[in-house]
Structures are given as C-alpha cells and as structure tokens.
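Chain naming follows the written order as A, B, C and D, and within any one chain the residues start at number 1.
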Amino acid sequence: MSQSTFGNKFKVTTWGESHGKALGAVVDGCPAGLSLQETDIQKFLDRRKPGQSKFTTARKEGDQVEILSGVFEGKTTGSPISLVVYNKDQRSRDYGNIAYSYRPGHADYTFDQKYGFRDYRGGGRSSGRETIGRVAGGAIASKILSELNISFTTYTKSIGPINCEEFDINEISNNKLYMPDAAAAEKASAYLEECIQNQDSAGGVIECRITGVPAGLGDPVFDKLDAKLAQAMMSIGAVKAVEIGDGIQVSASNGSSNNDAFYQKNGKIVKSTNHSGGILGGMSDGSEIILRVHVKPTPSISQPQNTVTHDGEPLSLEIHGRHDPVIVPRAVVVVESMAALVITDALFANMSAQMDHIKKLYLD
Amino acid sequence: MSQSTFGNKFKVTTWGESHGKALGAVVDGCPAGLSLQETDIQKFLDRRKPGQSKFTTARKEGDQVEILSGVFEGKTTGSPISLVVYNKDQRSRDYGNIAYSYRPGHADYTFDQKYGFRDYRGGGRSSGRETIGRVAGGAIASKILSELNISFTTYTKSIGPINCEEFDINEISNNKLYMPDAAAAEKASAYLEECIQNQDSAGGVIECRITGVPAGLGDPVFDKLDAKLAQAMMSIGAVKAVEIGDGIQVSASNGSSNNDAFYQKNGKIVKSTNHSGGILGGMSDGSEIILRVHVKPTPSISQPQNTVTHDGEPLSLEIHGRHDPVIVPRAVVVVESMAALVITDALFANMSAQMDHIKKLYLD
Amino acid sequence: MSQSTFGNKFKVTTWGESHGKALGAVVDGCPAGLSLQETDIQKFLDRRKPGQSKFTTARKEGDQVEILSGVFEGKTTGSPISLVVYNKDQRSRDYGNIAYSYRPGHADYTFDQKYGFRDYRGGGRSSGRETIGRVAGGAIASKILSELNISFTTYTKSIGPINCEEFDINEISNNKLYMPDAAAAEKASAYLEECIQNQDSAGGVIECRITGVPAGLGDPVFDKLDAKLAQAMMSIGAVKAVEIGDGIQVSASNGSSNNDAFYQKNGKIVKSTNHSGGILGGMSDGSEIILRVHVKPTPSISQPQNTVTHDGEPLSLEIHGRHDPVIVPRAVVVVESMAALVITDALFANMSAQMDHIKKLYLD
Amino acid sequence: MSQSTFGNKFKVTTWGESHGKALGAVVDGCPAGLSLQETDIQKFLDRRKPGQSKFTTARKEGDQVEILSGVFEGKTTGSPISLVVYNKDQRSRDYGNIAYSYRPGHADYTFDQKYGFRDYRGGGRSSGRETIGRVAGGAIASKILSELNISFTTYTKSIGPINCEEFDINEISNNKLYMPDAAAAEKASAYLEECIQNQDSAGGVIECRITGVPAGLGDPVFDKLDAKLAQAMMSIGAVKAVEIGDGIQVSASNGSSNNDAFYQKNGKIVKSTNHSGGILGGMSDGSEIILRVHVKPTPSISQPQNTVTHDGEPLSLEIHGRHDPVIVPRAVVVVESMAALVITDALFANMSAQMDHIKKLYLD
C-alpha cells in the first residue's frame, strides 16, 4: 500500500488538484458483472457538492463525473474504472499572499518542506476537492456492498458544542447539516451563523453505522478491521480523532461493564450489548459497526492571523473568499465512502481465509 | 502490504501464538551498517514483560530474544533480521470452558467465524504475546531513529478515572504504571487494588510524544503520517480510540483557537502552539508529534459472565488465572514501538520525494 | 501492489480499453522538481504510434497525451500525474464474429473465463493500445533517469528468421523496423511483404541495453533486478521469453567461460566480459544491462482459422482489418518504457539500503 | 510487495544466511483448515538436499524443518506459519581470500556495492541455501494446490550440451539428475565427470509442467500469470532466461503455425495445440502450463580465475571446497516451489474477479 492508492484488492487511486484541469480516480480490482452507471457515482458526489446551504461554499462547481473505462454495456468488466471530473473554472487569478505565505492550520508549510515547492492554487492537492476521487470510489464500493445487503447510515453527531440528543434516521437528509435531530440542527445553524459573524469556524463529529457486515472480516494483527478504518478516517483532511464503539469512554470503564455478553437468538450467536462497536480482535463480530470521527474547524477564517512568508517574514493574513464555516456536513459522505472502501477490501481479502471457501469456488 | 506485515519499506512480519513453540518477527528493509545486538532488543522486550508488579501477570516468562539472521560482526547487513522468542512453558493443560466457549470481549468468536476453528490456548494469535514481535521490530526502528536524533517519550496518562495532573518525565520509569505523576500513580494503584477486589478490570490512556522528526514526513493523501499512526495504534489489541494533537477536543473548538500561528525563531519557521500535534495535512510539521490511545479494560475478569458455547448453549463463565487488571502499563512500549515503525517507514519513503535528494545520493 | 499498477515506489497505474472513450495512466511517486511537459511524453508515444510504415496499422490514431494533474509551472509537484489519451474514433461498428467467438492466439477465451464476459471491441483491455499508459509512464521514468546519466538503446534484433548481423546505432531510427543493420532491415521488409502475401504474420526479438546504472540496484532475493525486468517484459502482450545477458546460451556453457573476471581500470572495479548482462546476484554490477525479449507473431491473420463460438460451435474465422504483420517495431518503445520503470523503482528502493545514505540525506 | 517477501495474498518471507544460525520462512495468508505436518515440508526440502550424488555437495546438512507457529492439532489456523531450519555446522573457519576478494560470477561485488559490506561466510544471503525458505513455502502451496487437483511435473531437460530426447515420467526420480530420459542422464553424468576433471562446471535447462489449473488465473496487465512466473523463476539465483510455451521459438515462427485452434471436446472448449504454454493474454487458458528456465554453470570452480580484492588489487583465485559441478538437479524443486507460489497467489487473487463468485461465498 502506499501514496495515492487505498486498498489492497479493491483499490482506489486518486489524483488531481483543486484548481488543476481535472480530478479523478482509478478504481482497480472491481469485480466484473456489477451494474454501474455514471448516475450511481453522481449521487454520491452530489452529497459532497458545495453550494447546498449557506454554510457550504456558494460556488456552483457542478462536478459532473464521467466514466472513461472499465464499464461495457452497463456492467463493470473487471478492468480498471477511470473516473474524471473536470474543473469548470480554472481561470488563473491572483492568489496574493497565499502564494508565498503559510496559512495556519493548512498544509502549505509541510508541502513546501516535503517537495521543495507547492501548487498553491486553492490548496492544490491538499484541498478538500481531493475527496472527489475517494467519494467516486466509495460510490462503487457501496454499490457492491448493497448487493451483499451491507448498508451505511452516516450523519453529523455534533457541530461545535451542539450535540444531537435524538436519533431520527429520516431527519438526516431533511436538514442541510445531515443531523438526525431537527432541534439540534436548528441550534447548530444558529451557532454557525454566530461563527460567521465572528469571522470564525467550527468543528464537529461524524458517526457512521454499518449493518449487515458478516462476522470474520478483518485481519487479526496489523490489518485489523478497526485499524484500517482508523487509517481511512484519519486520512481524511481535518480529522484528528477516531473512535470505534464506545471509543474514548472505554478508558474509564470496567471490564464487567465494557464486555458484551454473547447469547443465542433465533439460532444465531449475538451480543446483548455493543460496546465493541461490532469489532472484536480486529474482526467484525456480526453486530453493527460503529465509528466516530472528530473534525477540526475549517482552518480558513477571515479574521487576521499571524503567520510568516516562505522567507520567514512575519505577516498578518486574512483569508477571504468562499469558505465553509464548518467542514462536517460535506465530510459525511467522505466518511461513508472511506468506510465502504475498507469493508469492500476486507470482504475480498477474507475470501481465501478457509480451505473450504476456496474449494467451494473452485471445485463446486 | 497486508496481514501479518506492517510497513512498506521498513517491514515487520510477526508470527506466533501465545502457547505455541515460539513467537517472533522478521524485520525486512533494515539498512545495512546499524550496530545491533540482542541486548538492544531485549531492553524493549523487558518493558513489556509481565511479572513486574502485582498489577501485571505473575508468571516469569523470561522472553529472551535471539537474533537468527541479518547481523554480521555486530552490524546489520541489509538482509532480513529474524528474531525468535521461545515459549518456556508449553505444558499442555486443560483449557476447560475456554476451549469451547466464547469469552466476552475476546476474539474467540470472531476467530471461529473467520477461520472455522481456532487455537484456543491462551488466546492463540490474539494474545497480547503477539506484541513481542512488534516490540522487537520497534526496538530496531528506535535504534535507527535515535541515530537520526529522533526520540520518544511514552507514558500512561490515565488509568480508569485517575488522570495524571503533573508531568515529571523522570517519574515515568519510577513507578510500575509508567505514569509521569507520582501522586496519580499512587491513586491509580489504589484504584487497581479495588478492581481486583471487585473481580473487575480497568482501562486507561497512553500518550506518546515524538521529538526531532524532520518536517515533511508522511504522504498527503491515504498514507498521511497521522493515518498510518492511527492504523498502527488501532492495530494494538484493546485500543478503541486514537487522537492526534488536540484530538477529540477539536470538534468543539473554533478555527481561531485551533489554528497554530507560524513565526520565525533562530532562522527557523516554528509554531507558537501545537494543537495540530505536529502534523499538518498528513505531514510532520517539525513540532513534537503527540498522540493518545484509549485502551479498554482487560476483558478477562474472574466474576461470572454470561456467554455461550460454540454450539450456542448458554454458559456462566469465570476466567481465573494470571490476568492483569489493566493492560495499559505493559502496552506503553507497544505504543512506542508501533510509532517507531511508522516514523521509520515514513522516513525511508520520503527519501525520493524530491529530484534534488535523489541527485544528492546518486550524483554527489 | 498488483493488478493494473506496476512499481512500488515509482508506480504506474494504467487504464483504458482499445475502443473505449480514452486510455491513460496515473504516475504516482514521481519526485517533485522534475521539468515535465506534454512533449516529453508525446515523443515516446509517437514511437509506438501506428501508421508509420506499411507494416504498421494504417489508421491515423493521433494519440495526443494530455497532463491533467501533478505538474505546476512546468515542474512535477510530487502529486500523482494523471495522463489521458482520448480515443478519436469510437464509432460503434459491427464486430461480427469477433463479438461471440474466440480468436486463436488472443485473450478472448481467457477474458471470458476470468470475468464471465468481455469488452470485445478491438480486444478491449487486452489490446496493444493498453501499452499507451506504460509508454507514457516510461517516458517520465526515462526523463528522471536521464538526469542521472542513465540511458537506453533499444532495437529490433530479428524479425522472423532475419537477424541483425551488424550493429550501427545510428541506423536504428533510420529504418521503420528499428533495426541497427540496414541490410537486415531490407531483408526483413521483404520477408514481411511475403508474410502479407501469405495472409500470415511474423515474430521477432527486441534487445535493450542500459548504460550508466550504478552498481547495487535490485534486491538480492525475490525482487532481483533481473526478476523485476523479467516480470516487466513478460507482462508485455506477445512476449514469450526473456533473456538477461547471455540468456539461453548459459545452459550449454561452462563456468570457466561464463564467469566474468573482475579487474581494476582507472581506479574502478570493472569486468573484462559481460556474460552476466550487467546483473550479478540480482543486483546491477555497473556494466551495461542487456536483455532480450522474444515476441510472438501477430495472432490476427486474415487466413481462415478454426475456432469456436462462445457456445462451443465450430467456426472458420477470418480476421480482416488493420493489423500489423509484426508487432516488434512498435513494441521497441514498450520494452524500453518497462525497463525504465523497473530501473527507476529500483533506484528509489535502494536509497535506504545503507545507514550512511540515510544520514547523508537527513543529517547533512 | 517487495524485498524478501513473495506473493500478495499467499506470501512467503524468507530469511537467513548460508552460515548463520538458521534459515527459514514465514508463510502468511495460508488458509485455515489445511492438514499440515513437518513431513509435508521435509519431503520437499529433501529434494533440494545436497549429498545425494557425487554431483551434489558431499556434506550432510540434514536441513530438518520445524514448524514454530500457525498449525494447531494438525491443521493450519490461518495465522502465519513460521518455519525454521537450524544450520548444523556453524564452526567459524578461515574464509581466506573469499572474505576480501570478489569471486567471478558471484554476488560478492554487488553486495558490497549495495550494502557497504557483506556477510562473506559461504555466500551469506546469496547462497543457494536461501532457497530453503522458498522450498518450504512451496511445499505448503503445493499441498493446497493438490487439494484442488493441480499438479506439477518438473525435471531437468538438459545439462550442458546433453538434451533429453525421450520423456518417461517415471524415469525422473529414477536418476540423480531428475532427467526423464535414462540415456540422456547417463550421458549427462559422463559430461559432468568431464567437467570435474577440467575443474569446470556446467549449466542446464529445467522444465516445469502444471496441470489442472483452471482457466482465468492471472491478471491481464502487469500481473500476468506468465509475468509473475517469469519474476519467480528469474529470482532464482543462476537463472538467466525464462520461456513460456514455445518460448524463444516464437520469434522465428508465423502466426498461422503459432496460434492454437480452439475446438470443443466433451462439452469443454480446448485447444488443438499448446504453443501458448497454457497462458493467453496473461491468463491461464485451461491447458497445461509449460515453462523452462536456463541455469548458468556453477560459478565456483577450482581452476584459477582472475579477479580483484576489495581494494582493487589483482588476484588469482582458486575456489576449493564442496561445490556442485552443476546446480540444475537441486534447483528442480526450487523451480517447482516458485511456480507453486505463483499459482496459489493467482488462485486466491482471482476469487473476487466476478460479482457472482463473491455472492456465492457470502450470500449462499
């Protein structure tokens, strides 16, 4: 595994910069025979599209995906699927300070340190637009998983200090913040208005629940299912913490309350509670998989910030332009996409875990 | 890379079960010319050794490491380094219930689901003893890093509800719990006594700080430095949450307080705060790298627990024997080892990031 | 890494089908700071372009490459470089028999067996057009290598029974067959005319010589430099044998004549002969690297051939249309490109082989 | 994948030097539920054991393999299988010239160039003893394949100028040279006697035939089945050429004679000839897979050879001691083992090639 590719059997390679000609992904290892159309992918991309509310950037980017390979007569062929989204607006403009100074909370300084220079246009490769490729890949993974009865529920759990108290699954797509609690969504909206007034920004928490995952996925050592989920989540820009199941609460709990008892129900072994978040010893245990990510506030704020130029000269920087006061709502589909990539890859990896499975495929 | 191997350039492959003949690791990709002796590795293994206090298992395991290959005349040769630790006590004993029932909080059920059956002796491959290979590999990585002036400080930040309030670096190795706060260590000891009385167990938090990491390590997309650290940490059994820098606190903070301002100091660009935990955009920013892991309570407790046999028959299970009431102190060195593997791998991967670096090595 | 990706540090992922919308590649792991323009890549693509002589297909494909990402202000940024070549002519046409029968010597049957069905348009993914991505990637690798004074000479060594007897390096680009022997090129042309008359096709041999490779590249076990070259070469469609140095002749030789003696020349250790082809124990030995590939005759011939339909019904198949009577001349640049990918990847992998090299980069 | 590991899903990591403490392998990705005993592996190791005839080295090495992990109650558990072979005789002895000079045809010089120094004892890591790990891994792969009705016939096709003219499968294990032609074996023995008299050595050709491989294994682009076989074969020390099917003969043949016609037989689509060697477009076509490797003469010969010391001083070197005049017979099982690794890995990789296969395993 490395660099711009995620996954071992189901692999997504993303490419493209914020203000380059295009962004895209190559999805390799997709099984043949999956029905796939551009609309399957567009649906996912639309969930991350800006301009959906006043809290997301106002530009109309469009972000129309095109499938360039790997699909024939409406079905995947097993060959790599190349996906491209052309950038509509590449007008060269004056990036001013940003071209030669380091925005706090951004990757400008680290890019320069790693590569010697950087594509500063709109954050270049470190832009949130890089997630277009992830989401496009995740859309295909989700389609595969849905045929295996595996499904996702992903939503905003909190924004700034505002937490969801209720869980109404139908409410999630009802508000622009993807919160399962209408009252919390209203409060969060008010809080974000306040942030805008203060030329400031907010963070939040995203939760993802995955149902239908068969028990046994994930590898018991380094490629534990939760370990790969943790990598996937932390690889999303702005994520600073990942929790599985009870997460940070386990450190203050006791074994007697944290352990989930097994019992039999309708001939199936299940758990009476789910503190583990559906993963035991790095393998799915058949319960719902639950994970949460903590997203930092948008680093681009319009109030003056102290920083330096490339040469170390002090500078007071104000970042104007179209910036969401919160990243969270648009990151919901990114979290879901990355989770889908992990589950799909684990599902394929698991196929050769038992001699009996191998014989079932090759000798039956 | 996958399954029992961690790393892309500096790779550690671990093997072995709790009660098998031996456990070990193969370290591949270690550069030639590093001074290496068995004592370098033994020092690390001794930090995870049981029997050091009444809160860690009483058996005297020994765990003497032997180098079988890859070192010649006291130096690494560039060939794979094979490390082995023989299990002293492999007497076959009666595993009773454990052989045919599912311990709550353990991987028994998921192993059976994945592989069709399992090596139930002492948890088999899912035992904490699997970390012997990780720590042996981490010891070598740490030796490499120390030659590059990169160093680690790793300690117990909390046990159950007891948090460290002070930070005295010298105190860490002064108490059996590896806490940098003597008073907290005392309270934590009392709390653990209580847990033992209650036939229960406790969790806790481990923090790791890494200094001297050059800026620019880590890859900007899927192999972000924090993403690989998150995988590494979550791959340690019992870890349920990982935080970088301010971690979970970022979700309730604002951009103006979460951003770290850049300024120049002695001709070097540095940050006035370190909310980012030393990583921006997935690359090291030259500040101290800070991460925390949340460890669940030991799942093996002696009070009766409800569970089922392999056949789904209900069972009340009491797990007796030598079990630590808390995993945290012995996991400190595992956290440090895994972090060292990630940094070493990122360091090697980074060498070809710039044409100038390549020319420096091949043309100078 | 696997499937449609080649390389571990310098990685090329190719995608696209013969008659799909486009073909392309993503080049990941390219160091930052390399001057790169579309013309650098176009030059390579033009060498594989059809329509250059009567022995290569007559269609004017154009095959204009476009860089979509990874280059900023004329230099590579370290981010993935996405390259695309749009197919000019995608008119849907009647593929007749080919859509539902198995062409002898082609991958039709094996594609159906692997994936359940196939994109039959022009061979789909198994078309020689897949090499567009390889050559585009190889062009970038070659540019890197040329900055390190590593260069390639690749040519047709034989076509059918006609072997080159002379080696005139200037003649290579002088004839359409890329032969370093004008007389042989003339004879080969006559032979190919004969093949066309007979509704038949010819094979041939390509040789590649690489100079300037520093000693020590390649890994001593599975990733031997010759092993990776062998994979790279055999992964080119139609290649059925690969030789390094003396190749097949070694089996009938003796140790005394096959061993290359070392001696010192101008303070450098060199070899008096080069039977090894520049590789000893899987590592470059500083001499010229020499490899040869044996290419089978074009399987598409217009004389009737016995085959079956998908359902196993017997069929006499005549394949008409634009097919080269020999693949060899157009494969010359593919061989060179694949060799360049291997050398570049080995060069980067080798950077962390010694502690001294690591210190030179990070401590100096 | 890289360095000392071969395979992506079924992975073998080898370690150990000729005169170190031990050699071994870790086999990772072996499915659970395979019956496995040390004797299964020992049988394979015995085929490469020296001391079997006067043409193989006289020392009695023993090479007893021990399984240290991954097997429980006679079955593989899915966890990594650690295999070790301790070196019996590690007496430190005087390596004389060899310690500080470069043997022609050996990897001494290239090891020094790559790593700065080398373990010179018996060739260190570049010794033929490294293949112990490959053969141990190959034995396990072969056991898996035999349960899927895939089998191997591997033999010496020629030694020096002596080719087998007959093919009697029963004769293969009847002579010490593993030739399927008793008369050729006799002539080859005489030829080897002559080589010994001349203080010289011989090369030869090994052929491997694999039956029962289902159609569709291998990936159509870089991981073609023949490409991986080529890497696997060329990664064996002393191999300088690899052929698939008709191999080098294809370059002088015509399409009409090289293409294999398809026809139907007993309801199955088969080929009337097998010039392709069982692989079309990089995927198995259901016919017998045929490959050949060309092995160079043993580089260690006792006649004086010109070479230099580490410092470039000229030296006349005579290599005495126990050296086979030919490597070929002992390499037969190495070729078979490497082929088994490739087929097993391709078999596992192929499991997720079709949605229908995935559904068969997870939904049935």
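Note that in this section contacts are C-beta pairs under 8 Å (C-beta built on N, C-alpha and C of every residue); 3 or more make two chains touch, one makes a residue touch a chain.
The model shown is predicted, which means the values in this text are computed figures rather than measured ones.
A comparison of the A-C and B-C interfaces places the larger number of contacting C-beta pairs at A-C.
The chain with its Cα centroid farthest from the Cα centroid of chain D is A. In terms of their C-alpha centroids, the spacing between chain B and chain C amounts to 44 Å. With centres defined as mean CA coordinates, chain B is found 26 Å away from chain A. Centre-to-centre separation between chain A and chain C, using Cα means, comes to 38 Å. Across the assembly, chain A contributes residues 1-5, 8, 14, 29, 32-33, 78-79, 114-116, 125, 214, 220, 349, 353-354, 356 that each touch 2 or more other chains. Per the touch definition, chain B reaches chain C in the complex via residues 8-10, 29, 31-34, 78-79, 144, 147-149, 214, 220, 347-349, 351-363.
Residues of chain A touching chain B in their complex: 1-6, 8, 14, 102, 104-107, 109-111, 113-116, 125-126, 130, 158, 160-161, 195, 198-205, 214-217, 219-224, 226-235, 237, 240-248, 250-256, 258-264, 267-269, 272, 276-277, 280-286, 294-301, 303, 305-308, 312-314, 349-350, 353-354, 356. Residue ranges of chain A in contact with chain C, taken from their complex: 1-5, 11, 13-17, 20-24, 26, 28-29, 32-33, 66-70, 72, 75, 77-82, 84, 114-119, 121, 124-125.
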